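By letter and in written order, the chains are A, B, C and D; residue numbering begins at 1 in each of them.
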Amino acid sequence: FAPAASAKALKVGFAQTGAESGWRTANTDSMKSEAVARGIDLKFADAQGKPENQIRAVRSFIAQGVDAIIIAPIVTTGWEPVLREAKQAKIPVIVMDRAVQVSDESLYACFIGSDFAEEGRMAADWLAKYTGGKGRILELQGTTGSDPANERRRAFAEGIAKYPDLKVIDSQSGDFQRQQGKEVMEALLKKHGRDFDIVYSHNDDMALGAIQAIEAAGLKPGKDVIIVSIDAIKEGVTAVADGKINCVVECNPLFGPKAYDAVAKIVAGQPVPRKQYNKDGLFDATNAAAALPTRQY
Amino acid sequence: MTEPLLAMRGIGKRFPGVVALNGVDFSVRAGEIHALLGENGAGKSTLIKVLTGVYAPDAGEILLNGRRVAPASPKEAEACGISTVYQEVNLVPSLSIAENIMLGRQPGRAGLLNWRALRRRARAALARLEIECDVEAELGSLSVALQQMVAIARALDLQARLLVLDEPTASLDEKEVADLFAIMRRLRGEGLGIVFVTHFLEQVYAVTDRLTVLRNGELVGEHTTAGLSRLALVSQMLGREVTAEIAAPGVAAAKGEKKSAPPLLAARGLARRGAIQGLDLELHCGEVTGLAGLLGSGRTETARLLFGIDRADAGELRVRGTLTRLRSPREAARLGFAFCSEDRKIEGIFPNLSVRENLIFALQAKQGAWRVLGRAEQVQLTEHYIAALRIKTPGPETPIRNLSGGNQQKVLLARWLATQPELIILDEPTRGIDIGAKAEIEQIIAKLRADGLAVLFISSEIEEVVHNSTRVVVLRERRRVAEFTGGDITAGRLMSAMAGGHVESKRQDSE
Amino acid sequence: MKASIRRRLPLLVTAGTFVVLFVTAGIMYDGFFSSRVFVNLFTDTASTGVAAVGMTLVIFSGGIDLSVGAVIGFTSILMATLVEKHGVHPAVAATAALALGAGLGAFMGMLIQVFRQPPFLVTLAGMFLARGGAWWISTESTEIKHPLLVGLSGFAWEPGGGLRLPTTALVLVAALAAGYVLAHHTRFGRNLLAIGGNEQSALLMGLPVAATKIWVYTLNGACAALAGLVAVIYSGSGNPSQGIGLELDAIAVVVIGGTLLSGGRGHMLGTLFGILIFGTIQSALLFDGRLGSAWLRIVVGLLLLGFILLQRLMLGRADRRS
Amino acid sequence: MSETRLQSFCRSPVVWPLAGILLLVLVNLVHDRSTAFLQVTVTDGHLYGTLVDILNQGSRCMLVALGMTLVIAVSGVDLSVGSLMAVGAAVAAVLLAREAHSVALAMTAALAATALAGLASGLLVTWVRVQPIVATLILMVVGRGVAQLITDGNVIIIQRAGFEFLGNGYLLGLPFSTVLVVALYLGAQVVLRRSAAGLFIEAAGDNETASRFAGLAVGRVKCLAYMTSGLCAGLAGLLAASNIRAADTLRGGENMELDAIFAVVVGGTALTGGRFSLLGSLVGALLLQTLTVTMYNLGVPPAVAPVPKALLIIGVCLLQSEKSRRWLGGLWSARKAA
């Protein structure tokens, strides 16, 4: 489905994590459509959530002799050996979405990303302001061991540490899934009754599942229970506009333009900033309704 | 001969609902062939399995050369010098013949196998039984009889003091049996003790020195073979007085040459590559057609073709005059055919299902899922056949795997009789069946014939073919070579036809 | 010697399909025919491949082991934590990891053999246990900086001719060779096949069934741990979530290689070709690089299906008998 | 003679998972130091409580386990159920997204699609003679891809009152999904045990060659088993979609195959095929759901959540084995003798 690449068309390899959420689909679409728009020959690799598949993809890109490689890492570690190979082959690497840990920063050209930790921090700050630093929190974690879950949990915990009256009283994994989010919430509702005030969910899908459970228990999400979530998929923002979620922190998946801009510059030998962040916003009752018509994903 | 080689004293073994052995004494001397005899389910195999450590006895002790042993596994029994051929072929079908013979004692150095030596030794082991074949072939591709020979070759290859053979001859023909006996005699001469289980009285008298009879798990008696008449022996086994007829069959059945109406089944030029070539065969109602031939002559292959298990490559088949293509056993069963396979373990029983379920299965399959036999009907049917065939089982709900081999065979026969077929193909139906039951099966065959059924009877026992058939077709090297009817059916003629004119011609490796 | 050829037919067919597949891919994609791409087939599949070697042995015996993926994850994070956080020497850590893997395998083997429980269930428990253990050590992945491991990561043997064989590929080749000898030239290996072919018979033939079965799970546990070490070297990091779902890949590789899942029939060389075929499919798709997630799955599935149909078709002629 | 009835009950495969459930309930009670776990109240005219949740959320696994039981009984295994759940949900979702289609039509189409997929694996197994794990693995991979293709890789929201009833509604105070599953179980039980289908399935699983030689259309029996499994998975997918009012084709039904196989095996159906127990599978699925909820209730950290699952499996294994049973039996009779 890609147009026949002309001889001079840039050949870019993109190692995507997989297709685990709507957010990810939007991210992939952004990368693909932008490549078509710019006439780039995109080699797309879906790692199906397995880090080893991703490394394999990068090694294959090197073997294919692409002009640049973009990686959306599944995990932050484990990149050193393969990035060295890329460097030896003189292929620039752009790290996207989340950072990688390497001993030698020169192994990749630049980082364009979202900052999971920043998202967790933003959620904590908003919550502290909104509640005045008081409340009992139930946390719905993402997939155990996954990077976003780890970062969003840790940064949030750090963020609320300053407020002794703001405490996470229970934390369970909902695996980033709507179904699990609902199931876990049902169980936590039985366990804690009314003895909690806030639900912090690592993504919108789980939050939307949890809302259903809360409603089924006869409570009003957004009023009886304050709900904070991350991602800002369209449905999540809609829920904010409807007053069912109090706040979502945006994690913008539309990386396409920025990424290819960087590729073009690097290939042309121009300097690029080491780190760029996709601008992440925050939606609450004040701005959600207004933002809704322009949401793309 | 002061001290027996093997002495088992007061052996007891019970299974849930069955006392398989009760205080059995059994002893074997070095340098003798000792027959272990009894009806189906008498406890012969169980006694052997206790001896070789498959089952732990509930009571009693085992002395080998006067020393007490208690093997906990066949491996330990082997280490004590006991080599065994079990009743069911217990080999690994997916491995080659050579490996099956040598498994567990492959030659080699420093832990690494020497494949060439292995094959050489396997070939030598088979050669002792006068079998020549490609030892790299997969065991599962062989007929049951050959597998049995391989099992024997394996047991003989072991350096043992005591050789145990549980019905090794059940699926062999005369030639193989003769070869085996020659070897058994030689081993006896070398001072081995041999335990030999069989249901063939001629074989008992042909090779054994002494015999032990079991009945219902109890010891009936130990005798020198020469000192016990056939009649007395059979009486001991069955526990009742017997008429001379069962003990020494051979009275010709009615062999009226009955040229009946069109045949029930007529095959013309039926062929299948590697199985059978251009076979002409007619099966008539009210006749028993015997199929004779040596091992691998294609008898089982013929039966499989006629029952739709394998498909023919060429030729035509007419059933009641209409051209028919059989594509599956199911279609054959719908046409009123029945097929009692020679390999009860793999092609016959449902080991974990009950005797009742095993018995009614073919009938139920024929009727389809929705026309269900009521429970009462099933039980009644089962009980009828348990009584009619004297199947020894604790009850209709016992899993069939707990029955003795012969009794399993009877259940399978009952399975097909229950479908009230018009043609019944019996491939070695009397394999492993005691003489009492064998006589009953012969009566059943006679009755089926009288009732107007067509019977195709396959047996490696020529006497049996002669005795039961009204017509005999002889196969050799996958071809039909002769047909006999009426008074022409004699053992001598069959044998010379099977062997290709001269009896001692050697079989060829058919591959 | 027709029988000897017939018995090896599945193997020949598998090898043939690999050649067909590789050549087709080479014609379709520029630059596919290179020693680098070929060596990558080993390098990139090393972890799965080493696990598949152990899995082959287990499947020979008629069993299955679902825990290998989780053991890889456990080994991976254990190594990283011991080496980086506690300053343990990598050799010591690796020995500990292998011992733990073998220990878990032995434990599962005991449950399977002594308590006669289905391998599927027992190894499922093993999988949960190992994964839980891995996450318990740490839910976050850890970078490895120890010079020895970094050196192994970067090392490659260059026998000349432009060939570069990295450590992981060498380990895989060694594991395959060892597996081959074990499976086809030792009593242990033949006993495995006998047990898989018919356990009851193997017992009556006087083979050491219980010991062999426990050993094979132990060995496979060690193999899985080795695969974990390979993963550590491959990625230079320890990740507790490594190898999720890898057991299915390993099983697929074994089965593609013509080994029967019901046990008793198979060949270690088949597993080699299974690895190559598996790797070729993945490589070809990466060279193509046009498929989205959904289509990728569909195409992988269909290729697998096509391959199996081809195998059936070629074999079907030969052994219609059984 | 009540003792023999007790004995036969003790030998039935349902006992051990049932004992497991009781044990877990006990753990919860002890942990809470109250009966909150067992409390069931009436809210909005239906029952409300943890036990109700277990029944409701467990119904999907119960349903899938029903189909899986039949497949395992014919000595197969179906790894594709999780993906087929996604396919079922996807088909229904895209049809329902357009107002024009009725709920009945959407559901029929979804079930037809998954049943067809089940048939495909059945044909692969019987006709092409691919090993069941491989055949259904292929379907597992392809199925998920197809589901993603149908929904374009998005979670599709479903808002149709009739459809929501399936996974959220209540009948006679009980979750409708549970009532549905129990009704299906009873129906299946009647069909399988009153007709000869149950016997055919057990025979085909116990010895395939023998059942073919005895005139059974083994291929047909197996195909039907796989089709039933596909159907059950599709319905479970609909239950899931209805429960969360959305079709999650990306992750929905993930790992369901392992849960279902676990439920079946714990419920006393051997993986080698043959004898099966549908009731055992249902209880096995409930045991799994009870465990999940127990872990939420005890606040087990997600990182170590797999460990209790492992311990439960090992525990059940040990209880089920002949060896420990004999040992326990020994203790029992010793106690009685004393």
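In this text, a residue touches a chain if its C-beta (ideal position, glycine included) is under 8 Å from a C-beta of that chain, and two chains touch if they have at least 3 such contacts.
Since this is a predicted model, take the numbers as computed values, not measurements.
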Subunit A and subunit B share contacts with C, D
Quick check: more C-beta contact pairs at A-C or at B-C?
A-C
Between subunit A and subunit D, what distance separates the C-alpha centroids? Give it in angstrom.
33
Separation of mean Cα positions, subunit D and subunit B [Å, integer]:
44
Where subunit A touches two or more other chains at once, by residue number:
19, 25, 28, 144-145
Which residues of subunit C are in contact with two or more other chains?
135, 139, 260, 292-294, 296-297
Pairwise chain contacts, counting only pairs that touch as defined
A-C, A-D, B-C, B-D, C-D
Complex interface listing, subunit D residues touching subunit A:
36, 43-44, 48-50, 53, 57, 148, 152-155, 157, 168, 240, 243-246, 248, 250-252, 254, 292-293, 296-297, 299, 301-303, 305
Residue set of subunit C touching subunit D in the complex reads 111, 114-118, 120-122, 124-129, 131-133, 135-136, 139, 248, 251-252, 255, 260-262, 292-298, 300-302, 304-305, 308-309, 312
Please give the residue numbers of subunit C that touch subunit A in the complex, ascending.
31, 34, 36-37, 40, 43-44, 47-48, 135, 139-143, 145, 150, 153-154, 231, 234-246, 282-283, 285-287, 289-294, 296-297
Contact footprint of subunit B on subunit D as seen in their complex
194-197, 199-200, 202-203, 206-207, 209-217, 274-275
Within their complex, subunit A touches subunit D through residues 19-22, 25, 28, 141, 144-145, 170-173, 175-179, 182-184, 186-188, 190-191, 205, 208-209, 212, 216-218, 235
